[in-house]
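Presented sequentially are two complexes of subunit A, the first with subunit B as partner and the second with subunit C.
Now for the complex of A and B:
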């Protein structure tokens, strides 16, 4: 299977951003060209801006890779949203439960595993429902999103809250992922952390797994022709569960960016929205791990650029542009021959 | 007595947005297009109603404006999914994002606020603290009168009218419909636009009830509506019944939030009041999961639902 570089999608995405931004900025009563320059400078023009763009891209790499992974089996994991929240919860609980002297060689892997497990359990459950009961994964994962949102809201406001704080107990120091501004002085003050590197590595590894390993090839076979796959001895049930479990694990790992990287604890609202944006990232970047990373950086840049222009036009102008990108790319993908991942 | 009236009016005003959104969802899903976009329709409708009510002072104009804005968004969604064949889930995500961000941009541009509109000129909300006042307030809402009408009309239309049968045909077996000379594209587009308009009316109810528009005020009601559609097995009657049940749960949750002493004693033995409320909130999602797992009878979606 060729890793199609979605050139056409990229062109359409760029056109959609420019067009919507022009209209939206003009409607807000400002000059599109200068606002766009300001947004671009905010997102890429300084070390800090660039680092913030990459920090905002980090969870999107995770969730984008998650959605794209399930898509290879032609499964629509719209539950990355809830799986990410579950990852946030799991890693925060495990990280806070460890003894404070736990060395990082033990704490960090345990917390990463917890995040992966949190997401994987939800994804795997949806996969199991699909395989055994025929429940469409879009419906089951959407409902699981709702359940997890209710659960975490209650836990963070009640049982897990620390006294007057509105967040959970902090994780042990050993579990914290280092901020990259320790290494690169220009990034100073940014939330960028090693979760980005882990996300990029995981995205590439997931791709290699799909292209080079037996289990991964079975997942793609299921996606391109379920009947042929079955005839070749691929078990639809176990492959479906595996694809959704791995996808869920990737989405859950997005929690590491927030809990182990940025905050050091979990709170209400961490990770909200990145699951759905991950769907967009996967749509834009399907087929190639680098395209997923690039798409995540694009959405991260739009989020960061939005903050940069907020004094002149509402930052949500950039989110409108994101919506336009998603619609345009979805339409283009449906009408091009490289449509199917 | 007064307490009961207040509770009932709370049930109705909580159920109306979900019921209308679910009714809209029935129309588009019966046509064979999965509709994550309900959330966006509700939000857009809520905003359209606020703008029109602020401009004209009329609740009925507000309701019409909400439906118009919803229809516009539905048309955009239909263009993407039906004409351009974009994936309905992805397009739905985009529509939701567009509604969330677009209403915030418009809020800033029109009213110079990041979070809410000015209060609507419809008389101050009584806070629904007095029974009769709560009822009178509810009676002034166009959605209250239009919802049963739309529900009944949808029920009859889907079962008996030519258009309704065509919609169902497009959802069950589009190629058969096509072979009978039905334009699947046109029927689906019409059903989607109609559904979006109805769902947006649910948003209007939110704004008219709260007397202002607040950013993100749809607050997941579109997804609850989707749950009602599934639990109600894709029929108008079932969807509305479940939406009312969900509305009752949400009114119960609101009441409990205001007064912990209302939590049943038996529940308190096991759970804290907050945990009990969370359980009440989680019920619609949990029930829907059970329903689609086949544990509450078989829930069979339209065959061509994508």
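Now for the complex of A and C:
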């Protein structure tokens, strides 16, 4: 029964995409079949398109894994958005502060750690507020999202600006993550970089942590039966903080895709939206690291496909399709919960 | 009203919860449905009242076939269920609860509930069936017995003429049980048909006209009460070759060492109380539920704060210690709330057993899955847990098997003190016997046991002495041989 849910969710998600796209394209006055083909070709039909789909999926793997991780402790980390922005900021500041001759073996780990730290500090703070003050994490993380958005806007336009450009100083060369078009010629020109590989590895590691480390088992125990966990001596407070810290770190690491992979610096708007889409990815892929990656690729493909058909139908059509996926999957999950004895 | 189930098959996953079972309730008669846990009793009720549709078979009310899986049609036909877990809204009044969903309307367009009429009808119904209730009292202020009366009135209010009572006595004190049995007889005398589900043969033989025993979804015995005996029914319930539960001769295992001492201790809803339990002694705690037993258990386990008084384990002051320190010191806890407090439902048996070790639950490092499986297999083999799969999630186990895992987890540690509440509630006879045996062995090994139970037979069978709790205090102490139902009952409910 439980194993069947991801499969069923995937089928329903695909059906929802196809159905809404057909209706939306038809309503906007174009031929559905040809537009759909165009979108599919844009997302998967060429090396470049595929690479761009995967590039758009990369931050979603990070944030999807982040939200899914917190969910295992039955914590709803809706702050992946702000944690991602904090990761962008932290990695850009550290990367730019290093001496230009810093070798990559030092620069890259430092910048990755900075991104993780940026997100973890926000997530951990929300966890601490939940554990010590009883503030619900949905409220605190939502508020922190707004705080970080305003803070970064001000920093990028003010103190961290480089002359006339509204972005930060570039990070050192040693910190940059390799673009995969160096290895695969067909990916030429795409933004796809090794942050994707790191994201997939981190998603799997986070999953294994939940079953192979005491702290991870404690997180699942707390998420399943908080009162039983308490009676066994599992610390509710420290487990809550731990779950939110790790979740925040994963969301913060999404910043590495933008700063170390794509741009080389941070600017206003970088990373905006992937935290919230990450919630949808986690809903769709909860329970399995591979389902999270697949869900991220689905959303990446819709974003890339939307660009490909932009000339014929508004890209909002793809936003509608995304919303339909979330609604459909939520309905399937609610339904299968009811069926459980 | 007659209500019959014929050749019902209901498949749940891999098992046949009902496998061709037929039973027939007749107007004016009480039919007792008996069987172990998982025998299909509750499923039969769910099928009869349209909560679930059978895979095959037919339900007939007063000779007419009911549409399968249609609860509204079943209610309209006069089928009423009092579920094992009450379905009342605590913040609403008795009258509002009884009428909920079936309120008479008044005013333009029927915009208002005719509460005066509800109140009148509830009083008349209560009068007629001798079920005294205060229609204006809020349900949250009522005791268990009163809530049950409200539930019964609720189904009568909807015009039920076939009443299905799912283990109605499980939650009641001895005096309340007698009153319920009287009510059941009166309802039958009034022309209703009643299905009475119970584990307890005393009650069954006191109230039933007909007896049906279910085992693994099949009817293995269906006779009029006059034509059968308790031994025959007991054998049908458990299958052949089981001895009945009996009081074992107690070995003198009580050591002259105080393992647990409470002195004038109080916490929320409890005390001040004093209690000494020696190593190798079982102290039974009797009482109507909700009289401080849970607070006592949680206090000893370290889960309720000690407001005042002294708590000592082996002579060492432990009042300020939390749950981890207590578990490290050898305090075990088997709470009555098996899945909510005792076990982590979504985790596997192995993970649950491993987390029972406070060094694992409250520390960092690798979670040794091989070791977890090894410990789980030890519990599974020792207590015969089914399925014998250490990686099965606990919520997929039946109640009896969960209880074996829970008790096995606690007894696998080297315990000094064990608090165990309702160890065999909702557990079938075979499992109950294994659990009792495990508790006896722990006692022989020198564990001091505080046994909280609403089963008086269980208390008498296991305890060295029995204390009675009422309103958060100990109101009496009896030896097992002097603890007859009448004396215990009087102490529990505050009689003479």
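Please note the rule applied: the second predicted complex is superposed on the first by the 331 of 341 C-alpha atoms of A that agree within 3 Å, B and C clash if a C-alpha of one lies under 4 Å from a C-alpha of the other, contacts with A are read in each partner's own complex, and residues count from 1 in each chain.
Convention: contacts are C-beta pairs under 8 Å (C-beta built on N, C-alpha and C of every residue); 3 or more make two chains touch, one makes a residue touch a chain.
Treat the numbers as computed from the prediction; the structure is a model and nothing was measured.
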Superposed model, subunit A: greater residue contact from subunit B or subunit C: B
Now for A:233: first (subunit B), second (subunit C), both, or neither, which partner does it touch? second
Who does A:331 touch here: subunit B (first), subunit C (second), both, or neither? first
Considering only the touch criterion stated at the top, classify A:208 as touching first (subunit B), second (subunit C), both, or neither. neither
Once the shared chain is lined up, is A:320 touching subunit B (first), subunit C (second), both, or neither of them? first
Name the contact category of A:218: first (subunit B only), second (subunit C only), both, or neither. second
Have a look at where A:166 lands relative to subunit B and subunit C in the superposition and call it first, second, both or neither. neither
In the overlaid three-chain picture, which partner chain does A:33 touch, first (subunit B) or second (subunit C), both, or neither? neither
Which of subunit B and subunit C A:158 touches, first, second, both or neither: first
Indicate the residue numbers of subunit A shared between its subunit B interface and its subunit C interface, in ascending order. none
Tell me, which parts of subunit A touch subunit C in their complex? 1, 211-218, 220-221, 223-225, 227-235, 341
Subunit A-facing residues of subunit C, complex: 12-13, 301, 303, 322-324, 327, 333, 335, 337, 339-347, 351, 354-356, 358, 360-367, 369
Please output the residues of subunit B touching subunit A within their complex, sorted ascending. 34, 36, 76, 80, 84-87, 89-91, 93-98, 100-102, 104-105, 108-109, 114, 220, 223-224, 226-227, 230, 272, 274-275, 277-278, 281-282, 284-286, 288-289, 292-294, 301
Residue numbers on subunit A that touch subunit B, as the complex places them: 24, 27-29, 76, 78, 129, 133-136, 138-140, 142-147, 149-151, 153-154, 157-158, 276-277, 279-280, 283, 313-314, 316-320, 322-324, 326-327, 330-331, 333-335
